[in-house]
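Worksheet: the structure to be examined is printed underneath.
Chain lettering (A, B, C and D) follows the sequence in which the chains are written, and residue indices restart at 1 in each chain.
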């Protein structure tokens, strides 16, 4: 049984910026997908902003167990309909891994319900990533800390909801800290945010970074059937109550009527 | 120092349904506001759907410490601009208390990022509300459980994010349970959802229910100045880094340029 | 790869009480272990209070991935040394499933750090268990609710720490509710408490209950190597600091000295 | 109404180490208590290891709203009976603020149920403390980060339970990070751990540190009556069930008998 994973890439700077193209000639999404395919149990394909429906049709998402998301330059170009489609699949149990500048992507903001803002500085400074939850599956096989010699700084306050668990915290040479690995569950879907990955540095070629993303895909995978009932607000008729009760008092709704939404 | 509280009421069934008008001749919002004003430390006014900007202008919200929300019949009539305005004030530190059918209100769904769906049955059955967190300030002065003899049933699964804390759980005569009192923080704002309050029953005249809402307003109140920085994603120039660092490597952004949103 | 599971049973009422012996002639632990062995991926053995070191020697625990605990009549008879041994293995990554009256067991109280008290009534009343977290792996394959026709009632307030996630909530015919399925992580170890299982009823022969325990063992299993470093508070010598720093100011400790514990 | 606060100091290095005595001639506890008394709403007194019952008699604790704890050199000298007494009062609603090396104190380990271990280095290096939860009352009035020029380093993994909320994270010049401000609730009691405060540096004379501790005392204060019921596991007789039920099936306990503990 393999985890059907789609790596979504915005795929803009790879085409417009020589530095980025030099590091990721086939696109960042391809590098990430290749890293996922290198291990057991994951079958990763890619999708990009430029494809019809951004490569995320209803059918494609229905067959996706985990979606990995990287975007930066043009979050606004993602169609609202696709954003809502992604959110619905997360509620049904699709895992979602949001990378780096994806903190401002529409699907992440939609699912967090908060600004998802942060401080930043693009100076190629040293980032040291610490595991603060060594028993968490996303930390498997990692050293207690590892270094990315050149990264963009992200600093607190990162305005996301208090996570289920904090897995990684970053130290930056310029003096900041950042909660770099955070988990949430929304509906039946597991969500993980992972900080590193500025496009002008070869971050996704780093072995530790690849391990984290691979672990995250496995952690986020929910093998249960899609929980499609999550969208419904069903009326339970009084005659089907689990304990026998008698209807009492005034009512707004006729029998069998739908609720207000 | 008083907590400036606005009780927002949809104010539809009070005008169109004789039963509801009989129980709440001045509107549910007026009954709730009166209960809040009966205690110390809270100064409650009301706002309704029918007022310009639903009574929630920028100025009004800027002077609101805690907003209480009840809506049911026509959630869709609330303007998206007002929803976003409410969300922004929550991020800045305004408290939000969402009551009963407000689970499907636009502001609540916006802030939770989830479907907020549930099961329901309108049969006037007995609800017993249990405190499962007796040290929480919202439970102050309450018995370990109390009864609402006639209420609409809400049943799990309630598709909201795992709360910070669970304060109340309801037992229903027909066999269901429901997490009836849940807390979250979003940005600098505290949010509390409280289940009871179907409009065909005199729930908001119940002394225990009034105690809960009064406690919740006090708990949600954040006396700090509005955290207006929560909306920003500021660039930190390298020459202003807290620790001296030297800029290295390629860059996407010119000095002083804004980030992509 | 199988999950090496030990089902620990107090094994007293099975010998002293005819009703319990009639339901569980080979002991409750044997019934539970058989249910675990009936599925794939788990290899369950048993241990009891009466064995030397209660069947939980250092060697046995070192080879245990998940420990399931049922006790009731004589919690005090469990040796403190064994309790501490169990706690250490949990911190290192061993999973722990605590059943029913095990809420007052020494290992559970040791790991929770709270009274773990609750209300109770032994009247053979109906319990209905609701899933409030349908995407959680422990809820896999279960209906949205299921009934145990005869069970002991446990009621709130259940004085345990706020859990990582609430998975099940029980409804009782006599009017109470109870958080029946709760998860925590302690060190590298996953802990799950599951409420049902009074010894005078055939609860552990129920298919849904067996599914929950089987799911819980799989969820609690941490495949990483034992995190033995969790017990240490190592000094990091200044000359081994990750960033070069110079020692400054007065010191309490000589170089290489251990910290105070 | 003032918050009756006791600042507990181990009071050893102040007497045996000239550096510490030079900084805190009246003891660290006196400096902390003075800082608490300088603001409104708190009335702080002190207690030390050397006093009878360590200054924490049953009567004294019964009249204590919040206890602040600093210990380091001789955690083992604290009597187990006093530790249990402190834990019981926390369950009943007394707040507890644990400072710095108090991470290894008996009351903290008792209440957390985990090793509470960490890495450390005594090199007088720079610590920068970041607020990662600016809406939390404990962060009121603080800048987004502040510096302690000379502090002992504490590094992750800090083996405590996942907190309710993370309020502060520290950056260290030598390359480590640490979750420096964490909250938990245990029973009806609020607990806050705050990292800074090595005795060879004047940390408790720092205005920001004093603000944090003052905020923490106010946050931890639970004005409700002591929740003495938290220690009980009462039997609910069947004839007093909230919903009428009939006793069924076999029983272990005679009517009115206590449960097993």
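We take it that contacts are C-beta pairs under 8 Å (C-beta built on N, C-alpha and C of every residue); 3 or more make two chains touch, one makes a residue touch a chain.
None of the values given here were measured: they were computed from a predicted structure.
Common neighbours of chain A and chain B under the contact definition above: C, D. Using mean Cα coordinates as chain centres, the one most removed from chain A is D. For the interfaces A-D and A-C, the C-beta contact count is higher for A-D. The mean-CA centres of chain C and chain D are about 27 angstrom from one another, to the nearest whole unit. Each chain gets a centre from the mean of its Cα atoms; for chain A and chain C, those two points are 31 Å apart.
Chain A and chain D, compared by their mean Cα positions, are separated by 36 Å. Counting only residues that touch two or more partner chains, chain A has 128, 133-134, 145, 155, 157, 162, 164-165, 173, 175-176, 185, 187, 229-230, 242-243.
If touching chains are joined by edges, the resulting network of the protein chains shown connects every chain directly with every other. Taken in their complex, chain C has these residues touching chain B: 128, 130-134, 144-145, 155-158, 162, 165-166, 169-172, 175-177, 179.
The residues of chain D lying in touch with chain B in their complex are 93, 128, 133-137, 140, 145, 164-165, 173, 185, 187-190, 222-224, 227, 229-230, 242-243.
Across the complex, chain A is touched by residues 13, 17, 19, 72-76, 87, 91, 101, 104, 110-115, 117-125, 150, 153, 155, 157, 159, 161-162, 164, 173-176, 184-187, 198-201, 229-238, 241-243, 245-253, 259-261 of chain B.
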